[in-house]
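Next come two complexes built around chain A: one with chain B, the other with chain C.
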Partner chain A sequence: MLSKNKTGWLLLSPTIIILVLVGLVPFFYVLYVGFFKWNPLAVDPSMQFEGFGFNYRRLIFDQVFLESIWRSIKFAFVTLFFELTLGFLLALSLLSSFPLKSFFRGVHTLPLVIAPIVVGSIFKLFTVQGLGPLPHILKDYFGYTLNYGLNADQAFWMIVIMDIWHWTPFVTLTLLAGLSALPQDPYESAKIDGANNFQIFFYITIPMMIPVLIVVIFIRLMDSLKIVDEIWMLTGGGPGYATRFTGIHIWKEVFEKRFYGLGSAMSILYLYITIVICWILYSVMASRGKDED
Partner chain B sequence: MKIKKTLGKISTTILWSLLTIITLLPIYWMVLVSTRTPVELFGKPDLSPTFLEKVHWKNFTKPFIDGIYSDYLMNSIIVATSNAALVTIMALMATYALSRFKLPGSESIFFWTMTNRMAPPAAFLLPLFLLFSTVFKFGDATLFDTKIGLILLYCVFNLPFAIWLLKGIIDGIPRELDEAMIVDGANLFTIFRKLIIPLAAPGIAVTSLLSFLFAWNEYLLASTLTSVYARTIPTGLSEFVTTTGTNWGTMAAVALVSMLPALLFLFLVQRHIVAGLTFGAVKG
Partner chain C sequence: MRKLLFAVIASTFSFSAMAGGHADWFKEAGAPYKGTVLQGVAENTPPGQFAGEVLAKEFEELTGIKVQLENTSWDQMYDKAIKDMEANSGIYDFVYIEQDIVYDYLNRDFLVNITEGLANNPDLQAPGVSLDDFTTFIDYFKDGSGDVFGVPMEAFIKVYLYRKDLFERADAKAAFRAQYGYGLSPATSFDQYRDNAEFFTGFCAEQGMECWGTTVQGHTGHPASTYEFLESIAPSFGLYNWGVNMDSYQSCVENGGQLNGGRAKAALNFWTQLLPFAPPEALQSTWSEVGSSFAAGRAAQGWVYGENAAWIATDAERSAVVGNVGVMLPPTAPGVMTQAASGNGYIGYYDGGAYGIPHSSKNKEATMLWLQFVALNEHQADWAIAGGRITHKGTYSDPKVIAVDEQADGYFTLMRDTGFLYAGAPPFPFHGAGRGAIDPFIYSALAGEMTPEEALDGACAALDQVMADLGYQN
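Showing the complex of A and B:
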């Protein structure tokens, strides 16, 4: 008979082996390749050691890469703002009862299970010039020309709208789950004390919802920072660099230009920035949550 | 007071009706496009429904019967199903270990599994591509462009949430039940078969359905790590982007087919999807 701990490790070992092989090894490998100059299509296709930080120094002056990071961050916070506001309102509205509520809720869940690449296709079919109804409706009734194949701002905001369509339901449902689990006593005492709805919302609901809000903000930020599929389908990163988010930029540098060394450095920086943003946000929100307890 | 309440109800219903239209209209248009010939799609968009006898079935038969997309579909089914099975079994074992044994460092292992899901996959494209095509070699065989490669890879993204989901459920099964079985001389396998699996059945079902769904929907890694033999349906869908003069009808048909499992699962997992997407941090 094996000892108790040995059995435990035995049960854990498949998970650990897989996560090390396909999760941890790639991480160290990309860290390693980042120190080399390596382009298999160049005159010299071998790996050349360039010293620590050489590729990283080059990235500091890489305008396109820095802009792609800024674009991803901007996108993440813009969509977070809209999705959080809309999702919170919708979650609050779902607390009351109204006709056909479960039907509406069911339809609202639908975008969540659709693959990002399919969401991209759906939006492409709906909004592309010459096929989709949206440009036609906007042109005929509002005189507005929608052609995100040419207009950089439109392309960015089209992706924001697509992301709101896709992920607001997640915010709504998660916040609804949180709201329904809140204790009722504080509300009753507040009503007895004569608090109005505004006060109740800002002084009771929001502080009590902070743990759930942290989860939602965390997951949404992480997910929008790594968005690739939908954009790839809708705009392919264009026009120009208008929708070249970091994920797409890395893909293009690595698999079109074959800049392996530089691409690795980009990957590491990208990973680092994602972690830092979430860590800062987490510490800010966690400390604020403590103050208000 | 009563009038105010009724007004509130009416405005909420109107708001939600509008939302439902916004959600459904693009999907409805995709379904319409998949039923039409290129000629019918030319010119002003026509939002009226297509009658069944007028459906242009060639949009479906061309990719799935004459074309390569039936292979893609088969690959997707094999990859997603095997991944769901593998993830569920591994997660059950791991969760039982984390829940029942006091292993040193198990808290950090628990946390570490989650960081794997949070990392942007784009950052891992290059190392995975290089590892799969050159480093992980078994004789001449590599993991590149194989279904096994994808199945193993998706474990990294599915295991964390599977473990988080199952942990809550297995922690809820009283320890005394296992201990009683051990006293009766049952081995670990019997405990799983007679106790854990029956009691955790609903959680196991949700875990495997959500794993299936994530594996089915994944695009970026599949498109980078396969080239011919292991391509899945999302990668097939993206092939429409680059071809000049896209055949919109066929593209819509492929998109529709790749959406079907999602629609089917919506009814099965709707109540659990929140818990699944938030790693059980928020219960649905």
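Showing the complex of A and C:
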């Protein structure tokens, strides 16, 4: 038995070593750096310990950082709502057969294979004032001026639309896989009992899909909270602070301004907030699932 | 076209011609390093492309040392170079040092002392390379004792470009006089600049032309806009060194600085009020887009970086305004020109960069050969034509450069004769951190979310906080 365990640990050791090196070591290093005042551009460029709460106390009163968190959370939930709704509708429609279904499914999946930075470039080329076609079309046919370099709301919603375009196919495909795997018996029983489509959807499909939905929601929520690349490409975080989500804010503090200690504390605090949000959501959804059972 | 131009240059001049009479020396000196691969990272500018596509190949043919130059975006270039030097990983053998970041790099001891390195290795000293051949721009890459830490590979000034064809139109002249009561001409004052901008925006619309009155490098999410304000607009109003009091490292007026003072507010008001007369892409424009907009004929006048001025004026494949580009000094507030001439101020940014060797480089000797190859006089004229840059005094009098200068309305002559009125960035080791603190306020002023006065009050407070955090304020 012991020898069996030894073999198992031996086989697992490369994975464990890699996980420790690329996951735990950097995490604990960031945690450690977060307790120091450290900027290599400073008169004293060394790491200075000023108490465990030095950077964290400062962050509690850092309006720009707090606003960036609120902006990120708002973005994550808005995109989650639209991606789930659209993704579910598309997954349901892909369950039935219609002409050119395979072609549609292929085209619909294309955004998924595009790198985030490229998605940002595509949207930039498509929407940049003066040169991109979308502002022209909106102005010429609808009298609407699109200029997200000027309008903070437009900048926020442009990023929401970009994220929906990029990630809804992921939601669709995952939910489609879940829907395809659902047992048919409950549906047949419900139909025999006279349930309508609305009742079948809300009382049978949704409850049975909760495990899949939890996975999708978690993946999308965590991805949305750490979005950087697309925003970097499209708006750079502007205008003003309008699209400076927490990921962008941390990047600017760490790599532009070189506040390594403060930036590390931001990362840890943001990780904590992300975990709390996910935990609350998981608790709500898991208890909902149990109730349905 | 650029690639074609580079290919033609490369094929026209054999390596022996390119290296002048020093080909044999480079062959011999490079022999011990044959097969070495030098990695470099730089900003993707026309001069950088020439180095990567022409000079690197010539150098490899001569010495057998391969130069892989990664020309990338400005942000990526800094990101990669700084991470490499901080981690001491030795990925890059040479890095691009923009003039404004050199104080940061020297402060952090990232760079090899080239003067010392060559003095300690006389065998590596190339004949035909003399630091005395460089313009005074090389002084920005020296430390207090005069040792060189970077070999300049590009240098240019930010000039006022205007469309001669538009300014010379009889109907435009008549309409302008009728509207403003004086004659139409390129701007020498801010009021005139604004009038020109307003006029051409209306005139172009009436004529059905896709053009506007002025460029504005006003990206609301990229530092390019902060740079245009701090390095071009503000100095021309008499605000120098970002308005920072260089003794106390304070920037707010109440603490002895100038960043939220009268000149700064006048400058930001002037600049933001140009936006209605700028092409619609202005708020998403960095230096590259400003160059492209002007080249596409979408602006009648503007502040344009010199690295773009030459190709806009001469490269018909990329520019729709070849033959119609006028070049002048930008307008300045009363007294600014006098201050600049006496060395107590400057009218704009003397921009450029150098190649330097990080301490972490694993091929320092071979890289020194490459940097000296880059510095040879023989390359400079073709490099100037391809990239609009001049780093050597002798380049100005080269017949090829003189010919292009005529096409470019005397851009090179202007740079030679008035370069002393310009200056590099202030010597702040905290350059990136300071600028990063100011950025959001400039973005907000451009987006109209803050008045220029509010923005500058916020910017100076943020900058003062950064300088205090970094320990520069006593």
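Keep this in mind: the second predicted complex is superposed on the first by the 291 of 293 C-alpha atoms of A that agree within 3 Å, B and C clash if a C-alpha of one lies under 4 Å from a C-alpha of the other, contacts with A are read in each partner's own complex, and residues count from 1 in each chain.
Rule of thumb we're sticking to: contacts are C-beta pairs under 8 Å (C-beta built on N, C-alpha and C of every residue); 3 or more make two chains touch, one makes a residue touch a chain.
All values derive from a computational prediction rather than experimental measurement.
Participant: I'd like to know which partner A:206 touches here: chain B for first, chain C for second, both or neither.
Facilitator: After superposition on chain A, A:206 lies in contact with neither partner.
Participant: Counting only touches as set out at the top, which of chain B and chain C does A:126 meet: first, second, both, neither?
Facilitator: first
Participant: For A:95, select first, second, both or neither according to whether it touches chain B, chain C, the two together, or no partner.
Facilitator: neither
Participant: Pick one for A:239: touches chain B only (first), chain C only (second), both, or neither.
Facilitator: A:239 sits against chain C, while chain B stays out of touch.
Participant: Mind working out whether A:284 is in touch with chain B, chain C, both or neither, as first, second, both or neither?
Facilitator: Once the two structures are laid over each other on A, A:284 reaches no partner at all.
Participant: In the superposed arrangement, does chain B or chain C reach more residues of chain A?
Facilitator: Residues of chain A touched, chain B against chain C: more for B.
Participant: When the two structures are overlaid on chain A, which partner does A:44 contact: first (chain B), second (chain C), both, or neither?
Facilitator: In the superposed model, A:44 contacts chain C only, not chain B.
Participant: Touch check for A:257: first (chain B), second (chain C), both, or neither?
Facilitator: The second partner, chain C, only.
Participant: Please work out whether A:276 is in contact with chain B alone, chain C alone, both, or neither, and reply first, second, both or neither.
Facilitator: neither
Participant: Between chain B and chain C, which residues of chain A are contacted by each of them?
Facilitator: Of chain A, residues 131, 236, 255 contact chain B in one complex and chain C in the other.
Participant: Applying the document's contact rule, which stretches of chain C touch chain A when the two form their complex?
Facilitator: Of all residues in chain C, those touching chain A are 79, 82, 86, 104, 107-108, 218-222, 279-284, 293, 298, 429-430, 432-433, 435-437, 440, 443-444, 446-450, 466, 469-472.
Participant: Contact residues on chain B for chain A in the complex?
Facilitator: Against chain A, chain B makes touches at 8-9, 12-13, 15-17, 19-20, 22-27, 29-30, 33, 41, 44-45, 47, 90-91, 93-94, 96-98, 100-101, 103, 106, 109, 112-113, 116, 118-131, 135-136, 152-153, 155-156, 159, 163, 188, 213, 216-220, 224, 234, 237-238, 240-241, 248, 251-252, 255, 258-259, 262-263, 265-266, 269-270, 273-274, 277-278, 281-284.
Participant: What part of chain A is in contact with chain B in the complex they form?
Facilitator: 4-5, 7-12, 14-16, 18-19, 21-23, 25-27, 29-30, 33, 90, 93, 96-101, 104, 106-118, 121-123, 125-126, 131-133, 136, 165, 170, 173-174, 177-178, 181, 212, 215-216, 219, 222, 225-226, 228-229, 232-233, 236, 246-248, 250-251, 254-255, 260, 263-264, 267-268, 270-271, 274, 278
Participant: How about chain A: which of its residues touch chain C in the complex?
Facilitator: 39-45, 64, 124, 128-131, 135, 147, 149-152, 235-244, 252-253, 255-259
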